[in-house]
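Each of the next two complexes has chain A plus one other chain: chain B in the first, chain C in the second.
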Partner chain A sequence: MQAEEVLLDVADLRKLFPIRKGLLQRVVAEVKAVDGIDLRIHTGETLGLVGESGCGKTTTGRTILRLLTPTEGKVTLRLPSEDGTTAAHEIDLAQAGPRELKTLRQKMQIIFQDPYSSLDPRMTVSQIVGEPLKVQGIAHGQERADRVADLLQSVGLEPTSMTRYPHEFSGGQRQRIGIARALALNPKLIVADEPVSALDVSVQAQVLNLLQDLQARLGLTYLFISHDMAVIRHICDRVAVMYLGKIVELAETDELFGNPRHPYTEALMSAVPVADPGHVSRRILLEGDVPSPVSPPSGCHFHPRCRFATDICKSEVPTLRTLNGNHAVRCHHAEKLTLQGVESE
Partner chain B sequence: MDFLKRFSRDKVGLFFGIVLVLIYLIALTAHWITPYDPLQTDLRKVFQPPSWEHWLGTDQFGRDMLSRVILATQITARVTGLAILFAVITGVPIGMFVGFVGGWLDGLVMRITDMLLIFPIIMLAIVLVVIIGPTENGVIFALGISQMPQFIRVARGVTLSVKEELYIEAAVAVGASREYILRRHVWPNISAPIIVQASLTLPVFVLNASALSYLGLGVQPPTPEWGQMLNESVAFIFNAPYLMIGPTIALFLFTLAANLVGDALQETINPKLKKRK
Partner chain C sequence: MAIAKEESGIGANHALLELRDLSVDFETEQGTARVVDRLSYRIDRDETVGIVGESGCGKSVTARAVMGLVESPGRIASGQILYRHGDEVIDIAKLDPKGRQIRELRGNAISMIFQEPMTSLNPVFSIGDQIAEAILLHQSITRRDAAEKAVEMLDAVGIPLPRERARDFPHHLSGGMRQRAMIAMAMSCNPSLLIADEPTTALDVTIQAQVLDLMNKLRAEFQAAIMFITHDLGVIATMADQIRVMYLGRVVESGPVSTVFRQPLHPYTQGMMQSIPSLRGARKRRLQSIAGNVPSPLEVGPGCGFASRCPHVMDVCRKAKPALVSEGGVQSVACFQHHTHTEEASHAG
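Coming up: the complex of A and B.
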């Protein structure tokens, strides 16, 4: 998939959470959950966002959707005009007012990780899936019921399940309900926040395939957030690796997996189990924990755990540089290192 | 239906549930089932001890005590019911709102409720009745206001936990307004604890409504009220002690049934409480 039209342009996005203390609730420190993210998502592609827990991937997704208000930065959603004749319409999501935001929510939706608490237990399936249509005032009465039935069918659920409650469904089915709900408004962009992490492996594959089918059929664009390298490799066109609120590497999936240029990416990939009993794993064990995002290490945030770290890594913050073609990496020594990728499948 | 099945498994709760239903049936049909006119005085029949004609005897004006107790049931049921409704209607929206919004408004409202909770209900109610005047509406208002802080607290507490649920964020993601989220997501999910709180408030209101009228601050004579009837009967405690029987038993039964049904409801909704006993 090589559509070059940029749908979403994220520039220098930051989200800080203040830590308050004392009687006067003074701000004593800040958690830099998202610390200057630049991303471009092209129409029709799946961009993976991968990293270990606590690195800020979920916060990134939520800030892009304005479920959290960004501290700084620009998020531009580029919507092509309906008839294709006039120029595309650009909106800065980070600045949108409440009314504008409500309309924009039709264009971008989210699929949550936890299919249990993301569905209101007091609502029937048809109320849950029809809620976006109701809130946005798009369809009423029979029209809405028909649309809900269509949506359920398109995610592989029986329309007869409309009158049932979420607790009557399995995890995989619930996630399908969540997907149907996300599709209700015909969005352009879907942020999938670990959509399969809470599911059994067998069900994971079904849901991933469903997401791919829907993408092909409806021309969706995904920002796919996950910590699971295997899932990312299966579904994504391009992958961004996050570490401590920053993107450390961004490349096309095959390039990233075959030829990683950042030591952190290499370590992440060596942790993926290989389904081959004869395989001799050369795992790169990272020492120490993820540093606190309240006071990240100086220079390159990764240097305390990096086996290639030198003096420059401790003092200077590396920039996200573009190497050959589309491979971006945030490392001082990217050219000099020979890193181990994963053999192609 | 599942709820009713679980509730009926608690035999004590079920029995007093039936008692409570009977009390409300008596209250509803009071005007038809009273054997005599509860307000009709008959000076030829003063201080009659219990008999087949007058089961609970007659008072100093010759009024039938049973009829008066039955009419008082209706008044107590109405006053306490409306007072609970008042406390719920005023307290719950405030609690939901400040719990959902948080910030300084939440802090302010909580400190005010803390201040109101310092006073015993009866004291607050006495002050309010004195200000408003000892009428039925005055009692309803006074009781309602005195328990409103409890409903604010309960509603706020459950709202705090519900607002962290993912389905609230999911509603925000489709563009739902705050008012819509409170009405369609928060309210249905906090209603169970509110109902329990209301049922636990009922016996408190029954006792306090009677206490107010015992002190002469409730419903005014000649309208009968248990507390006021007890107050009147004290004067004749030696020559007509039977006058106390009716109001006492009625008050005892209503309070006990309401208490035990409230406990049973709470245990049905939150089964963890049962094991702790």
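Coming up: the complex of A and C.
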């Protein structure tokens, strides 16, 4: 893994959704779904984005892909030249026009959560998987059919499934079809948005293994979005924890789980039920719900639920600071807190 | 309506519910699908029994059968659902699903909470009214007292400012609060059996922790038995005393949670436990997955339902169904690796 080569650089990304009301559809408020995100994704790594519903993780993924237009910010995709002699080609996705976007989309694809609604029920598998090739005008006729058959094989489906329709497949198989479609254009970056959340556990393991195999074989880079801490820990090299549109902690996986520095990360980890009846739970129960991103709390957004909150947390927004090495945290008191991580076996 | 006499099983004085050879069929265009297949198990008083299995294993249909809520195209094909109500034992399978007797039990002695509270609460009535209505239906008290009781229940499930929240409509509440309101409604008539069907699956993990904590407190306070249906082994380990692992409409393994988690005997249970990524185990290793997919109930042959995916499959597995047989006391398993008892033999005997 070439860890230091940055593939994608996200700087101060913001996405606001206006709330309109009344006859004139005046903007009465804004949902700050993504509220100033900075991220770097290295070539070949899996970066996890974890958080609860409404924290903006999906919006972040979609804004990076320009499925949503960012309100503000810069998203730079760095494509190394083919022969490696000339300098890398940098493109700001946030500014790219439609024509440029179309070519860029060859380099980045998405896998959706719901394998039922993300496949057109009236298209055959070969049409679904072949569509990116058709849209991009890459392969035609027999060439396209061969490529689709290869793709299906690489995700563990029989080439005979080409003529069948999505409803003939189980959830896990449909997710494989979605993965084959994402791979069709040989992308560099794949945004996997909760790719296993809708699947049963035994099938979830198959799909996670497949994603890992494909990464090793094709040198893919993943932005892996999930609410499941165990899945995130299993598959990611580095993890960013989001809360109300902001990254509150970012570190390498072992460091984050072993030595969390943000009280929210700690609570999130301790809340996961452990599949071991002998496990003595030291669960930290957070009070209340995630506040609305329309009117987030003042200062540190987490302060109303934080057991360490002091006056400064109510008034001042903490910045994302780097502590030791590559461990970044958005908390005024990070240095002083003793938080419990997960003991590895 | 049939009232069975005291018998073994349900006759034991701590037994509350006993399923005996329960089968539920669904008529489909492709034929009859047996979704629950000769299921037998018992739930004792004050006990939390975790029912675990993947989608389509029949866990929710079993719950609906116990509530007398199996609707066309489904029907109870055979078997008994014996429930001990006071001194009598009632076979719920034989009750008229719209009759007086099941309506007396439903929501009163047996109540249920569902996965998605938004779809199980009525959007046009306030939370307080809905809980009060459940109470009025089963208890002879005044409307005012019922409303007061509803506020008490909201307070008991940890909803802040219960008096104000009682006037709120479901859409005013967050997912976690709605599930609390559902629990308040389910507990309002002091049920002896609470059926919880994936009650925390739709919730965020920090909210799930709150709701599980609440359910643990309430079960001690109300002394209800809980049938806890989930696909999440972590939730089972936290909540249940007993576990029943279901696959294709049958229990393949059962026993105390501590025993089954320490030493799962059925290849399906083993596979399921190895296939979940853990918060503590080695990272990035290949997960042990179970090959293939759950077959459709229409495709089930004469053999063990798991035979098509089982890493230890033998010839006999494709020919006969293994019976659920006790292995050294508390734990039972339906697998020919552990015994040679077929289901037919055990029924004949």
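Operating definition for what follows: the second predicted complex is superposed on the first by the 342 of 345 C-alpha atoms of A that agree within 3 Å, B and C clash if a C-alpha of one lies under 4 Å from a C-alpha of the other, contacts with A are read in each partner's own complex, and residues count from 1 in each chain.
Rule of thumb we're sticking to: a residue touches a chain if its C-beta (ideal position, glycine included) is under 8 Å from a C-beta of that chain, and two chains touch if they have at least 3 such contacts.
Here the structure is a predicted model, which means the values were calculated and not measured.
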Clash or fit (per the criteria above) of chain B with chain C on chain A: fit
Partner chain(s) touched by A:Leu244 [first = chain B, second = chain C, both, neither]: neither
Partner chain in contact with A:Ile110 - chain B first, chain C second, else both or neither: first
Touched partner set for A:Val272, first chain B, second chain C, both or neither: second
Touched partner set for A:Leu208, first chain B, second chain C, both or neither: second
Chain B versus chain C as contact partner of A:Leu65, first or second or both or neither: first
First, second, both or neither for A:Leu101, with chain B first and chain C second: first
Touching partner for A:Val129 - first (chain B), second (chain C), both, neither: neither
Comparing the two partners chain B and chain C, which touches a greater set of residues in chain A: C
Lowest C-alpha to C-alpha distance for chain C against chain B (Å): 11
Doubly contacted residues of chain A, that is, touched by chain B and again by chain C: none
List of chain B residues in touch with chain A within their complex: 165-167, 169-177, 180, 185, 188-189
Complex interface listing, chain A residues touching chain B: 65, 67, 101-103, 105-106, 109-110, 112, 114, 117-123, 131-132, 135-136, 178, 181, 184-185
Residues on chain A engaged by chain C in the complex (per definition of touch): 52-53, 170-173, 200-206, 208-209, 212, 227-231, 233-235, 253-254, 257, 267-279, 281, 283, 285-286, 289-290, 342-345
Footprint of chain A on chain C - complex, ascending: 54-55, 174, 176-177, 204-210, 212-213, 231-238, 257-258, 261-262, 271-273, 275-284, 286-291, 293-294
